[in-house]
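In the two complexes that follow, subunit A is the common piece, with subunit B as its partner first and subunit C second.
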Partner chain A sequence: MDGLLEEFGRGDAQARAESWRYSRHALRALEQQAFAAADGNAALPDALIERFDWPQTRGHRLVFVNGVLHAALSDASTSGAIVESDADGARTIRFRGKGVLHLVFVNAASTAPSRWNARLDIRVESGTAYLAEQHVGTEGAGVLGALASAIAIDAGAALKMVTLGDLPTSASLVRCNRIALADGSGVDATHALCGGRFQRFDIDAELAGKKARFDSRGVFALRGREHVDVHLNVRHAARDTTSDVLWRGVADGRARGILHGAITVAPGADGADARLETKNLLLSPHAEIDAQPVLEIHADEVKASHGATVGQLDERALFYLRSRGVPLAAARNLLIAGFCRTAFTHIEATDLRGPFEALLDAHLPQQAGSSE
Partner chain B sequence: MALLKIDNLHVRVAGKEILKGLSLEVKAGEVHAIMGPNGAGKSTLGYVLAGREGYEVTQGRIEYDGKNLLELEPEARAAAGMFLAFQYPVEIPGVNNTYFLKAALNAQRKARGEAELDSMQFLKRVREKLAVLHLKEDLLNRAVNAGFSGGEKKRNEIFQMALLEPKLAILDETDSGLDIDALKMVADGVNAMRAPDRAFVVITHYQRLLDYIVPDFVHVLADGRIVESGDASLALKLEEHGYAWIAQRKLAGAA
Partner chain C sequence: MAVERREIESALNRRYEAGFVTDIESESLPPGLNEDIVRAISARKDEPAWMTDWRLAAYRRWLTMTPPQWAKLKIAPIDFQAISYFSRPKKQPKSLDEVDPKLIETYDKLGVPLHERAKLAGVAVDVVFDSVSVHTTVHKQLADAGIVFCSMSTAIKEHPELVRKYLGTVVPQGDNYFAALNSAVFSDGSFVFIPAGVRCPMELSTYFRINAGHTGQFERTLIIAEERASVSYLEGCTAPMRDENQLHAAVVELVALDDASIKYSTVQNWYPGDENGVGGIYNFVTKRGDCRGARSRITWTQVETGSAITWKYPSCILRGDDSAGEFHSVALTHHRQQADTGTKMIHIGKNTKSKIISKGISAGRGQNTYRGLVKIEKGATGARNYTQCDSLLIGKQCGAHTFPYIEVKNPQAIVEHEATTSKISDDQLFYCRSRGIAEEDAVSMIVDGFCKQVFRELPMEFAVEAKKLLDVSLEGAVG
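For the complex of A and B:
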């Protein structure tokens, strides 16, 4: 009985089993519940609306409640985006020239467990599009959301993207970005995943056109029994393509993190330059992080570097800070936050960095006192 | 009364005895140089004074400013005016230098019951001190020591010392790896801070630094204890004869 695995997994049975190895139990536990269809018309508390009603994105914001577009809260008139929907409710957002869009996905809980599925595709046809995607929710019986996005970047176009997964403890979210990059195009994305009961995020990037570039930055900061599973699959399929992946993971309490990073350089993708670095920090003896690097090269003149580490707070750095007078608890917080912030250097808009840092501050384990 | 009084200090690191009965007294206003061969235990002494974990004191005591130093956490020692300039300053990516220094200074001030500095007051003070060490202001916006050159790291240590205004500063081989210009900047930074109520312990491997920071006392640390003490001329003799000379004299004395 692996209904959810059937639904969310991709590829043949073996590929599914392998890819969901560390999260199968989490899925099975979710499956024990009887889900109702989540209510797309659920009323939202003001406090929740305030979290995404950023003044600077009024006029270029779309809000989805349990996967359903919320007309009253949405206005994309100044976004430069063309929003199309097809018969079965899937949407495609097209950008031509400069575009700026804030996408909000609300997981609105009800009195019984509920779930939603949505499909939102993005196509950047020319110029540079800026996208901020935010996931929030309300606490309740638990919502399981699933969002699939095909992201196509046409020749010479670019997408700069930030996503914030900031979920209440009862919410679960399964996301998939399937990115296709044409000649000379680029995606530069930064992600933060915090909170929730279970989060799975698959990022597939296919560098299909020559000189395409893919940058991925991300952080998860977990505590309690949170479980986050990130799967990155970068495939270089054309000449002179570049990928640069840098992620950070932090787990406290009994949290579980998975950071799978795979790079494939396909035959013919000569001159590829691929870099993948993940570093992870365990803050508790009961927390667990699996960092799996995979590197497959089938082309010539390839530059590839690849590293994944799981460790603890650096004792030397901690002592250095304390020797300057910073108390132990503050020194630990400073180090943990600093560790995560190294993944935020690609966020260009300073007004977007704020929400990222605020999210981290709210979710990083607060080391009150020095006893442990 | 001595600011620092180390009495018969024995220290074990990773199961091995490194300091074996070290005694030293430092009064306010004095500059002491500690010289000695590699592996003698100089850095160990600095770490023990600053309170690093894993440096186990098995015997002896350290009195600092009338307190039992060994009972204090590293941050409490810093607030009480202890400062260690590291031989190998630690790189901390992601932690902003300004943020760190302000947190450190204000934590110290708070612990001493002084008012915390606001951003304006803090920056004013920072700019004054940067100028003395010829450090560029962009250093403030970088991460702590991350990507700094060897010389920048050492000057940054002295800059931090200038900012935190300690009572007792221990400089662990701050001169090693510096060219002569950087060495002079470091010496200027230290000399500008010499004061009747402040003391320095300057650990160095070479006599060169002591041309610029002239010490009141020179001690030779070998095999875990002070084996010879004298005035500044001792450093010159050491330079001339090497550390083997001390060992020979000790043997001759024992015979």
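For the complex of A and C:
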């Protein structure tokens, strides 16, 4: 393999091949396409702007169109974040004290397939930062975006982050969060990944400082031919670190969902407490779920566990709802929604839960008409 | 504490009890591997031409392959040209009376009931010494039931139609690097055929021993259970202590037809190397069962305490509707042992079920990895899998790893995987010690409890042996 795999994968050829084993075909399909550089000045329809113009984040917002900062739509004057642009094109964002920032990435399609790359360097130096990351786009010829975010949390600081991936079916997105946590710092992240043709999301968290804490929650709800590949790598490298990972996956139609969740406890990282849970619903005979929970433990004062399930809706729960007069389709949707929402309980800023629920509702597999 | 520490030290340095060398005249082929060697092995065993061709095809396939790299193993490159691929005791015994007394002594030392004791124990034993099967007991009783239990070389001569029909159908020649090597040079192994409707009246058992230096052992076992047949097969293995790493690359194939059941149990106690990781057996084994028939069942049970490196995944292909596969494993690594083991459950038929219970214990600098695949194919409606992998850590420098792969393509399937990693808690130890139980005994008790789910699956005699082995292997691991 070459091309995109060289570009997006890390490590030697074998490590890359292993890490992309469930997405090789998706990647090859993209590789066979010729991409032009995406237009950073594409005009955005009003309907699209409405989708991210949340009133509560005005003055806290940066909008990137195909990876390029859109000055007219961006206003982060009251966000408390210091935004600078790096010499080599990366954007650095620093938080001191409380900060709230809404990042919007627009995949604006044009008449020919196009692609963009962007890099973010985020650092929380003190206090608690709130970060909302949103991915939207317009339908058209495919856009392939690549977003690499390096996130550093200094000692004692915290980051609460939510990401909403709501891509048009023609867009593909490869992104990674490489997170480094210093002493006593914490990250609390909730992700929802929906839509798109292919989404790959790498989350690498290095708990490098004592008592660092990492929480990751997420959902992917897929239908059609959507393909989402989530790779989580949590590394406990210092004493008394904690991680908690809880993901939910739903696949309908011909969709494919992959969750690789690896917990590594390095030698000497005693007192680590690591938990990982992934539960998945497979709703169609043509869909596929691949789960790969991994534990690598090199210390002994450790509590580590993981659980993974792939199954269907509970027939008894379904029967219960129907016996109360809820029609089958509605009962199924209710159960699926409940199943997914378990992952949203950590969203603290209550006013952000709205967009999450709306996104989920819009993307839940439409079960109406499906047979019993 | 100081006294205890000394006791622990002495226990730690306890020698590998099966590590003696038996001085028996043996004839070996010169080290190295090429087509002539493959032909020579075949010729020494008076094999028919089809077998020689089959080996040569495997050898040519092997030449095109590269050793797998994906396992998390620290392994020195193996020089395949430095290994002697065939070694056998010089005297070929006609009956047990003619078997070299030293050989009998060897098996007595190992506690293998070769002689009359076999009957008492109700176990039929086939013994493979270095490359060649030296004796199979209670032939007659089995033959009366229509059961064939003999060495592979005998089977090739006496039951060529069965061997040709089944050999390589579960693990093809080119399946993987070590399976291809085995197919080319396999020296002996056991062959079991249970005809339709027969329930094997006793446990069948094989003991493997590598004795000569600079040799590898490449046995090939084939077990066939026809419709409604059932059999329980046990295997045990030991080797002398040597400073070199010796290669053991076996292939085991199981075929279960409609309503048949095969239970395959292993207590593996190859020489693990010393505490600095010098010497020991490389145990690279391909074991696979094919539940070909409806309602068939294959159960793998393994207790892995030996070998410097263990690299094996006894698997089940659940092809027949309503077939079931089970995998129960205890793997213990101490000092610098490495174990990368697990299973594959491939669900193809409808309503197929599989259960995986894996218990890993790491002590010293041991590295223990569970690696498994549960694959539910599109047609496997109603498939069900439950997997539980628990790891126990004893010591600061050991490692326990879990790499499960779950691939589900059928929306009516249910797959569950659970894994935990923990150490023996201070609370548990304190509780036992406050009741007057010594620390070593307490650890042994806790470990025994940890493994109980698996030991329960072993036949009685083996369960006792396994528990003893575990105790010996673990002694001195607490500090």
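Basically, the second predicted complex is superposed on the first by the 368 of 372 C-alpha atoms of A that agree within 3 Å, B and C clash if a C-alpha of one lies under 4 Å from a C-alpha of the other, contacts with A are read in each partner's own complex, and residues count from 1 in each chain.
Quick note on the criterion: a contact is a pair of C-beta atoms (placed from the backbone, for glycine too) under 8 Å apart; a residue touches a chain by one contact, two chains touch by 3 or more.
No experiment lies behind these values; they were computed from the predicted model shown.
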Touch check for A:189: first (subunit B), second (subunit C), both, or neither? neither
Subunit A contact check, subunit B vs subunit C, more residues touched by chain C
I'd like to know which partner A:334 touches here: subunit B for first, subunit C for second, both or neither. first
By the touch definition at the top of the document, which applies to A:81: first (subunit B), second (subunit C), both, or neither? neither
Using the touch definition from the top, say if A:104 reaches subunit B (first), subunit C (second), both or neither. neither
With the two complexes superposed on chain A, say which partner A:14 touches: subunit B (first), subunit C (second), both, or neither. second
Once chain A of both complexes is superposed, is A:342 in touch with subunit B (first), subunit C (second), both, or neither? first
Is A:322 touching anything from subunit B or subunit C once the two structures are fitted on A? First, second, both or neither. first
What residues on subunit A does subunit C touch that subunit B touches too? none
Contact set on subunit B toward subunit A in their complex: 50-53, 73-75, 77-79, 83-84, 86, 89-90, 92-96, 99-101, 103-105, 107-108, 111, 143-144, 160, 164
State the interface residues of subunit A toward subunit B in the complex, per the touch definition above. 314-317, 319-328, 330-331, 334-335, 337-342
The subunit A residues in contact with subunit C across the complex are 14, 18, 267, 280, 282-285, 287-312
Residue set of subunit C touching subunit A in the complex reads 69-70, 376, 378, 391, 393-423
